[in-house]
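Take a look at the structure below.
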Amino acid sequence: MLKGFTAPRSPRGAAALVPSPPWHFAGDVLAVEFWNDPDVSVDILPTGVQLDEKCPGHSVALFTDYQFTAQGDEYLDPARYQCRGFSVLLDAMWQGTRIAWCPYCYVDNDAALMRGWIQGYPRKFGAVHQTRSFPTMGVASAPLAHDSRFSACMSAHGRLLVQARVTLRERAERLVGLLDRRIVGRRYLPRVSAGMHDRPAVDELVRSVSDHLLTTNIWIGEGELDFPEAYGEELEVLGPVRVGRGYRFSFSYSVTDIEILADLTP
Amino acid sequence: MLKGFTAPRSPRGAAALVPSPPWHFAGDVLAVEFWNDPDVSVDILPTGVQLDEKCPGHSVALFTDYQFTAQGDEYLDPARYQCRGFSVLLDAMWQGTRIAWCPYCYVDNDAALMRGWIQGYPRKFGAVHQTRSFPTMGVASAPLAHDSRFSACMSAHGRLLVQARVTLRERAERLVGLLDRRIVGRRYLPRVSAGMHDRPAVDELVRSVSDHLLTTNIWIGEGELDFPEAYGEELEVLGPVRVGRGYRFSFSYSVTDIEILADLTP
Amino acid sequence: MLKGFTAPRSPRGAAALVPSPPWHFAGDVLAVEFWNDPDVSVDILPTGVQLDEKCPGHSVALFTDYQFTAQGDEYLDPARYQCRGFSVLLDAMWQGTRIAWCPYCYVDNDAALMRGWIQGYPRKFGAVHQTRSFPTMGVASAPLAHDSRFSACMSAHGRLLVQARVTLRERAERLVGLLDRRIVGRRYLPRVSAGMHDRPAVDELVRSVSDHLLTTNIWIGEGELDFPEAYGEELEVLGPVRVGRGYRFSFSYSVTDIEILADLTP
Amino acid sequence: MLKGFTAPRSPRGAAALVPSPPWHFAGDVLAVEFWNDPDVSVDILPTGVQLDEKCPGHSVALFTDYQFTAQGDEYLDPARYQCRGFSVLLDAMWQGTRIAWCPYCYVDNDAALMRGWIQGYPRKFGAVHQTRSFPTMGVASAPLAHDSRFSACMSAHGRLLVQARVTLRERAERLVGLLDRRIVGRRYLPRVSAGMHDRPAVDELVRSVSDHLLTTNIWIGEGELDFPEAYGEELEVLGPVRVGRGYRFSFSYSVTDIEILADLTP
């Protein structure tokens, strides 16, 4: 009897790329809000999802630096289960509900790549880095303090795709205007069978369900953001025409469920 | 209208992790035949697949070093589309037909990881290397010649999983006793919806269909092979109790189709 | 006029692999004290350095996860200047002074590799990981608390070289019995000129001089440590016959100087 | 008695990052000749080296994909000793002799990084890729044939630094106008001792001495080349104002010696 939440399924279930939910995450975030051109960014939305008319083109560039664990003490296997990621989230609407649409997402780890595909995040491999803050003061440790600066960048296959900078201005009690929408993505698995290449086996709009979301050490300031053009990518099409606030905070949350909004399978 | 064979689907279709088939491959192979313990390796087979009674436990460890292209001159983007892989193939039977069952497969590239999942190969990320042969003679260039030695290895997340050695003995006209079975794998996409974690959205046995398979520079010799034990993997369970011939050759082939043998979706 | 502290020297001095000191570091440390066999570890010492008779074979395995900066805001270029490292430090004596001899050192970054060679650390490339602690509580965030567990590992070229575990037991005010000796290494640059391969151009014993060393969040507990045998390495020769305490803390310090203890150039 | 050609020196000498010469290399090269602005590129030359008045600004961008071995069958350890590199070579003169000055050089391997520093190549870490040609025909295998195209690129820390393309036009018997000058670099090891940061311990101009250079499968065609601007690099300063021929060939050679042209140590 083969075991394992994902392939490769195996006798003990230890070889699976991703263990069974619940999945737990803890990490740091650097985020920059921005506006892209709604006449352009509307083209990234699937059928049934619209731009949010109240804030057309309002988006977030989100860099994460985190640790993962499930039921097997995966956080004690840091070579395999630490991860850094980058996502674009676009303010959108689904049947009257405010959502954050995730058109692009990059991670630096194979388990995270696969978790993403299972959850509807269209992940590709990217090298993601952000300035870190360490508890001990010193010139090399970006402090959580007024005027402190943090950088982040993401590249894929040797091409720089995103560059960001946040200058902290003030501490905040809560995350206001950020991550206040459920993230919606698309689970999509194509078929390779001849004649079926445009008839996916799975095509669903799914909404993430996060439990126990905690945020701490929240700082807000000014953001800078750039999406350089790169061959083989379309990220720059969603690039900023205006940049807003920057955010830096720590988080933890869990995932045990996703909600299927629509089955688009033909 | 979003385009792209896989996610991320995008306005121009250039962002998709994997382009549409036909897919074309060309590369070098180092392979070692071996026998594992059939009483143990039988446990890696899914329902409906049996060991081949005529050669119980006979398997192949296959290292590939190759270039990929589809319709977009992908071979001119070598940072993204060159790949190295490792697979285990186990002689098996499906409804009276001889097949090669693929329980484990590793690659070093995100596009290859995803192509694998779409085709039913249970790929994880691995760092794969094999000794190369260059046209110019010299001490550093392993020649295609009697007594020439080639090594290969695969590691994942800093743990060595496979080590192999082939000593060439004689040139052959054809690949006899190797890759003479269609490879069968399992397309498997789990659900994250609460209560559905053991009810996959897709669970199919699929058989690869390769076109235009060419092999050249075929050499046969003696193989050595070891699967060191490693935390978080079960590869060593299929490890060799006996090792047979080693092979080194170059190949090219194309993929436009897979054949669905069985739909196991509950 | 070419500029730059190291090669490549260039018109603006921006291309140099390593910027001029002072160098500043901030990060986290996971450390395990252990004893190797003094009859064996004595062979790793250069002329003039002896084992410390008061604690023969007492050593430290040190994992670091840190950020670097010099005068150019290098901490805002995280893809280039964040680093993870592993060192072995062996209690030793130099002319009556207690020192920590560094026989082996690994880092995951080219600038750190070169800084090491300049400072007398015999660095090679390694992939180094340690469990992280994040400010927000949650199952995935190893807390700084009694019984909390941290792992670390180091591999090079796909071979696991070190594995460690620390279980925290109590918070401490100061680092007692750890890093209380100046680190001594060997600056060594061989010649390639024919007939001169064993006559190095530079061969010096050097002692590190650190300024402004701060440590915080110090926790002490139990350590576990293993140096698996690996081809092309001799680390396992210094492996633990007994393992002692484990440590986890954060640090910052600066470097502007090293002290040349002896010029061994023939 | 410690052994090893480089640090780390160890009891058996197996831990050294680089084994003793002779060193042997075999691989493939993609090269593009180009001209940079001599009024600008003159600034990259050290004292005593001049531009070649007969071909001011004439340079070569050289991509290599190779295997290394010394006396220890290193080519059978492919994870450690295969390497890809990129160099710029600038036509120059040293005391009336035609030389190729190497201002910048990148490799993807720690042993190659260190070999470079020992030989006077100012190496940094870069990810280097070039289109490969495989023996078996097929759409994915760039053939060695008229109109066949090859790409190459180099990036460091996620920033694209060089992009090249070569379209083959005709086979050649010999390499004419390429690699017909001895390569000269600078061995440079700074001091960290306070007050000595601008007084290197080693500062020598050295000329490479290669034995047994063989080239084969030489093709000549048209080149394309671009050095995109990137933070923390000065490569773009030497970028092409005009691009010439492209080359693709295989090579092997050995190194046992370098020649010290001048000792610049203050």
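For clarity, chains are labelled A, B, C and D in written order, and residue numbers in each chain start from 1.
Quick note on the criterion: a residue touches a chain if its C-beta (ideal position, glycine included) is under 8 Å from a C-beta of that chain, and two chains touch if they have at least 3 such contacts.
Labels paired with UniProt names: A, B, C, D = Acetoacetate decarboxylase.
Source: prediction; values computed, not measured.
Common neighbours of chain A and chain B (chains touching each): C, D. Interface of chain A with chain C: the two copies contact each other largely through the same residue positions, with over half of all numbers used appearing on both sides.
Taking each chain's centre as the mean of its CA atoms, B is the chain most distant from chain C. Note on chain placement: the centre of chain B and the centre of chain C lie 39 Å apart, centres being C-alpha means. If you average the Cα atoms of chain B and of chain D, the two centres end up 34 Å apart. Each chain gets one centre point, the mean of its Cα atoms, and the points for chain C and chain D are 30 Å apart. Counting partners per residue, chain D has 77, 79, 127, 129, 153, 155, 158 as the residues that reach two or more other chains. Taken as a contact graph, the chains are fully connected, with every chain touching every other chain. Put simply, chain C touches chain A in their complex at residues 24-28, 66-69, 73, 75-79, 82, 127, 129-132, 134-142, 149-153, 155, 165, 212, 214-217, 250-254.
If you check the complex, the residues on chain C that touch chain B are 127, 129, 153-155, 158-160, 230.
On the side of chain B, the complex with chain A involves touching residues 2, 5-12, 14-15, 17, 20-21, 43-44, 46, 77, 79-80, 103-105, 109-110, 113-114, 117-119, 122, 124-125, 157-158, 186-190, 192-194, 197, 201-202, 231-235, 237, 255-260.
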